[in-house]
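Each in structure tokens, the structures are laid out below.
Here subunit A shows up in two complexes: once beside subunit B, once beside subunit C.
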Partner chain A sequence: MKHWIKLLPIVSLLFMSVSAQASDKPSVIRFGLVGNAYGKPYTSGPLGYVNEYGLLEKEFAKDGIKIELSYFTGAGPAVNEAIASGLDDFGSVGDLVVVVGKSGGLKVKYILASGGGSNTYIQVNPASGIKTLKDLKGKRIGVNKGTYIHLGLDRILDGVGLKEKDVKLVNLNAGDANNALATNGVDAIASSADRPVVDQGIAKLLYDTRKAPQYQSSPGGLLVSESFAKKYPEITKRVVKVFIKGQYWASQEQNREKQLILGLKTGSSYKNSKDDIADQDLKKKYNPQITASVEKKYLEIEDFALAHGIIRRKFNLDTLFDKSYSEAVLKELGLQNYWEK
Partner chain B sequence: MSKIKLTMLVLGGLLIGIPNLYAAPTPEVESPEVTAPEVAAPGDAVDPEAPANTASTKEDETPITRSELQGVRSEIAVLNDQLTRQLTRTIANTNRALLIGGTLQNRYSATTWQNTTPYNLTPGFSFNSAILSLSGNLKKDYEEGKNIDYAVGLSAAGNVNPTKTTTGSTYTTSIAAATFQPTDAYIKYSILPSLSIDQPYLYIQLGQQKRPFGVEPQATEDKQPAINLATFSGPTGLNLSARDIGVQLKGDLLPVVDLGYNLRTPTIEYALGVFNGTGPNQLENNSGKDFAARVNFNAPVEYNSDFRGLTIGSSFSTGKQDLAVIGNPTQFISGGIGKASKVRYGGDISYVASPIGFTAEYVVGRDEQALSASNSYATAVTTTTQSSGYTLTLFYEWGEQFQKDYRSQSRSDDWWPKTYQPFLRFDHWDPNTAVAGNDTTVLTAGFNFFFAQTTKLQMNYTVSDNKLTKVKENDFILQFQYGF
Partner chain C sequence: MIKNLLHRFALRDKLLALIVPLLVLTLWQSVLSLHLFSELILIPPLTLVSTFIELASSGDLTNNILASLQRVITGFLVGGSLGFILGVVTGLSPFMNRVLKPLIKALQQVPEFAWMPLIILLFGIDELAKVVFVAIGAFYPMLFNTYQGVSGVPKKYQELAWVFDYRRFSYLTKVVIPSALPSIITGIRLSLGLSWMFVVGAELFGADAGLGYMMTWGRQLFQIDIVMVGLIVIGAIGLVMNSLLLIIEKRLLSWRIAFDGRTL
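Then we have the complex of A and B:
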């Protein structure tokens, strides 16, 4: 008894010393994605298509590289955390998430634009007495802070002369926000197109940005951790290639309906999703290029976020964008002139 | 009506409501399923001129009829009715929201020793403890988040040593029944609004609870890093981890919020409490009260700072206790109930980060004690005994469990991130600093393996050396701590 007990610490230490083997290719590529309000491991748009048909898995199957997809209910900020902690290599997030993450020192590169023009919807509880956007003053508004919807809300408030400090923001993820609105936990919520509480007749839609492109989101994008991109540039390029294929598919008007049907897997309403993008040019929406226009929009977001106290410091946008992967892939696919520059 | 029941009814309602959302004479979508051949998957070489796949089968476009839709509605209505009846019969109700939790510990222990007679504890399996916890909300303030919450805990020690009574050449064994004792039992009110993460919080907490002192003493059973408490924190030390009955204010100031990661770090956290000082489940036995206070400063930094997780704290506690004889804390002086002073103070520094971190804690106790047992309180000669203890824990971890948001994922399976955490802890306790050679040191090498949401496997190997008794002990404990 005495002797084997003494050996236990040594055995434990041996067990602890298991570590990852260095290699010229990763054994797994890990993606952080924004989860949806219904807790379902699906997403819509180009990424929904990529995932539905396992394009990433197919691309890397011959190399024996596994693909791991994490859908975070904490949305973009959770993706940032996963990348910062070295738990994810890539992240697909919205515009404000990119800016607050980079401003806070997140070591990532923005390598692909995607999904601009996302709308923000303001839903209100009828009992709150809110009739106009100005009536939001002093009210409790549920929003997932740090996301593109947070930015959309601030811009909408700004449009009617209100600031964040004029309202009471309650930090809630999408699912909790719906519950809070339904149970009078908040007076209003800012959300994406999905609005089950309105659909049930419990809440009312006050406003949305479908006719106000100045309040719509800028393209979110694909982030890669700097360390991964530096270590595996070819793998990074192949990931970009798969994503651009997805965006090419989603950019085609003929596939609009199929996108909506794929989106049903997330639990979202077909009708709301359809109405949300009804007036949008898909080719423009899913343009993967990091154009001068995209860079300008990000500069504007940075200025807005700084002025409104969402970030504390600016950063050099040149340290964020890396167009090399998308430009190389577009050329390789012969798509360099498909999307507008 | 219970939350579960309400939720199920809402779900049932939604099931009925869903067809309404899609109902139309000619529905735009018949099936949410898409099969691969329907969508042109771009190949390695994408032809930008190639038209997108527009093929849709006629079957896709066939609308369902109103009668078919009515049939679906009827079936859902029947299911809803059945569900409602079942809920009425089989689901427990509570007046208010209730979260039921529990922590259980099963372990295997083996001990070797030197310089003492063999223990009656032989290597073997044991059920260490069972803790049942109930918590919930009594009043929810939707306006400002000034909620009233409650917590109740019950704990039973699983290990019961049988008592053997010898009569002549035979003996009988009696086994005391394990009983549940209340641990936490308090009501908590949020004095300040708690809806905004960038504003300070302040709570008042009344009832039986942990006192605001130190780091390890305040950790609840499921959060303690090692299987055994640091000596100063346990009953053979200053028993600082024991609960007490009283009231405390606890809050924070100057929170730093990093929206990029949903991180809230209060720069200052404080707590101030008044307690009976007699321990858990005990009535007050003197007119004096114990006061305890703690303040700690967290590095006011954003997520990506190397200083995130750095905390420096200080604690102080004072009160009265029964006058005991020096060297024998269970022998009391007549008339000395609640007459002896008791002071505790300490400091701590911790760096809880990933993958490496540490916690260090130093505590001093000053207890007024009688020099001799032969006197009454009126004639007792007293002195102040100073004790001290410190502990240093170093840990390394890999895995995902301690990443705040990583655990909240949408998954189809019962996934939970795994985490591995080896640690080393040095623990020192000196019951009387004026006396040389009476201190105890305990070195623990441990390994925690978190492999499920509420379950971890703990392996601890401890080497302890009691200089006063000359007893040296090596213990190996393997424990599963699991909860629900």
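Then we have the complex of A and C:
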């Protein structure tokens, strides 16, 4: 018994050192991702590549850190909720989701720009009598609120002198929106490139932003919860490194076709996805740097969202961005001059 | 003396009713102070007060309450009327009761939200679908309470009606309905209460106005304070509705005290 008591301080010290070591790294890193439009647990683009080849799992396997990927059918707004309630450490979301989350007081940092130029498509039911964008006035439009498509729609409406209050917005996810459009539940929907109801000849494509970059999305971002980044800065940097590797792969023209093939897993149409990015420069699209242009775009989104009642209060954009991780990783990978600044 | 005592008890009851909400508020604030939940998810009470004022002064809250009330009243009138008619028919006719009861009982086992996909396929996501959803909620309590009241009309009343040589319609209006009234009124109260609960569910999907819509909107745009204000307003309106119906029920049935000496 006395021997045990003598050993107690040593055991305590050992235990403390193990605890200290354990706090250097998490046992699991949790990511909130936007599943594709139909809720399948796949993504396209750089993240599709990262997931397909298990790059995150490989990066952290040697540390015994597990990777948890949650795909939310509720899109970006659900990712914000998951981070707010401490269920996710990282979130990969679209531009409006970032602004909405930060305006709501979400304690996150935007540490990587991750793919902009996403298009918004306006599909209409022929029975609605809508022939032009101005005809949308007073009509019921299905859209997944709080997403980049919601912002795209508001900007398109703004372009023809309409406000959100001039139409009736109905909150619907992609699958429900398609059903509602087909059954006359709504007059129009705003969506991503997927348009199965149009492909089946039931609805018509009224407008899309492929030729209107001013209405395309700004770069979405990789968000990290402030507490995680503060506690595990090195781990955060390694996560950024994996994501940048994915963006480097996706930025190369020779991988365009491979990206489209990977995107098939999400359930999206090959043709529509191909047409969607046909005119886009992949290197520009997947630029991971938080440039002055990105910051300016977010300032514009914040002002637009406030003016259009999407957010209720402004926030300081300086508290959003943290370039330190991406700058360090780009230097480490020798890619600091690969993308345009 | 007795009056004073009664007053004292009434006051005590009112004070007791305040204790639980106060405890909930204290627990709410303690949970926030201990950082057990993020303030972004469990919004501080004072923030909710300012959000409530903001929504009320902008007119958003009133518009959404009115949109929900309109759906509740329509759905209640449709579902409640159907429930009432079927309740009378099955209550009066043992044959119809035997025929319809198994089907009604089987359909009652289907959870309300399980109807949603079928309702959407049949009626789309328009106003009609929402009214049907509310009507389903209103239907069952009205049906069962009406049935209970009508089938429970004492035999002596039936004999009396036979003595007075009442025709079918007079028997229904002068004997059956008045006798079943307490049960029918309970049915109306429960039916309206459930309609109010179901309207929120109906509006969570594909609405462009209403309290359920307001809450979904708040959730999508990460404005959880709006979601919580919505919850509180729904609870408060439900409570007011129930209290008003209880008062009406007491007034309408005051004759029972004089009639058979029983208080309600």
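What we mean here is this: the second predicted complex is superposed on the first by the 319 of 341 C-alpha atoms of A that agree within 3 Å, B and C clash if a C-alpha of one lies under 4 Å from a C-alpha of the other, contacts with A are read in each partner's own complex, and residues count from 1 in each chain.
By definition in this document, contacts are C-beta pairs under 8 Å (C-beta built on N, C-alpha and C of every residue); 3 or more make two chains touch, one makes a residue touch a chain.
These numbers were taken from a predicted model, which means no experiment stands behind them.
Partners subunit B and subunit C, brought together by superposition on subunit A, clash. Of the two partner chains placed by superposition, A:L112 touches none, neither subunit B nor subunit C.
In the superposition on chain A, contact of A:D176 is made with subunit C only, not with subunit B.
When the two structures are aligned on the shared chain, A:L264 is found in touch with subunit B, with no touch to subunit C. Judged by the touch definition given at the top, the superposed model places A:L335 against subunit B, while subunit C stays out of reach. In the overlay built on the shared chain, the residue A:I235 is in contact with neither subunit B nor subunit C. When subunit B and subunit C are set side by side, the one touching more residues of subunit A is B. Look at A:L55: by the touch rule set out above, it reaches subunit B but stays clear of subunit C.
In the superposition on chain A, A:Y248 makes contact with subunit B only, not with subunit C.
Superposed model on chain A: among 74-82, 92-100 or 164-172, the stretch of subunit C in collision with subunit B is 74-82, the rest showing no clash. Overlaid on A, the two complexes show subunit B and subunit C touching the same residues of subunit A, namely 77, 80-81, 84-85, 100-101, 103-106, 140, 145-146, 168-171, 183-186, 310-312.
Within the complex formed with subunit A, the residues of subunit B that make contact are 13-14, 17, 21-22, 28-29, 31-34, 36, 38-42, 45-48, 51-54, 56, 110, 112, 123, 140, 142-143, 195-197, 258-263, 302-305, 354, 400, 403-406, 408-412, 420, 422, 445, 447, 459, 461, 474, 476. Interface residues of subunit C, counted against subunit A in their complex, comprise 37-41, 54, 120-121, 124-126, 205-208, 213, 216-217, 219-224. Listed in rising order, the residues of subunit A touching subunit B in the complex are 1-2, 5-6, 8-9, 12-13, 15-16, 35-36, 38-41, 49, 52-53, 55, 70-74, 77-78, 80-82, 84-85, 87, 97, 100-101, 103-106, 140, 145-146, 150, 168-171, 183-186, 196, 199-200, 245, 248-249, 252-255, 257-258, 260-262, 264-265, 269-271, 274, 310-312, 333-335, 338. Listing the residues of subunit A that touch subunit C in their complex gives 77, 80-81, 84-86, 100-101, 103-106, 140, 142, 144-146, 168-172, 176, 179-180, 183-186, 310-312.
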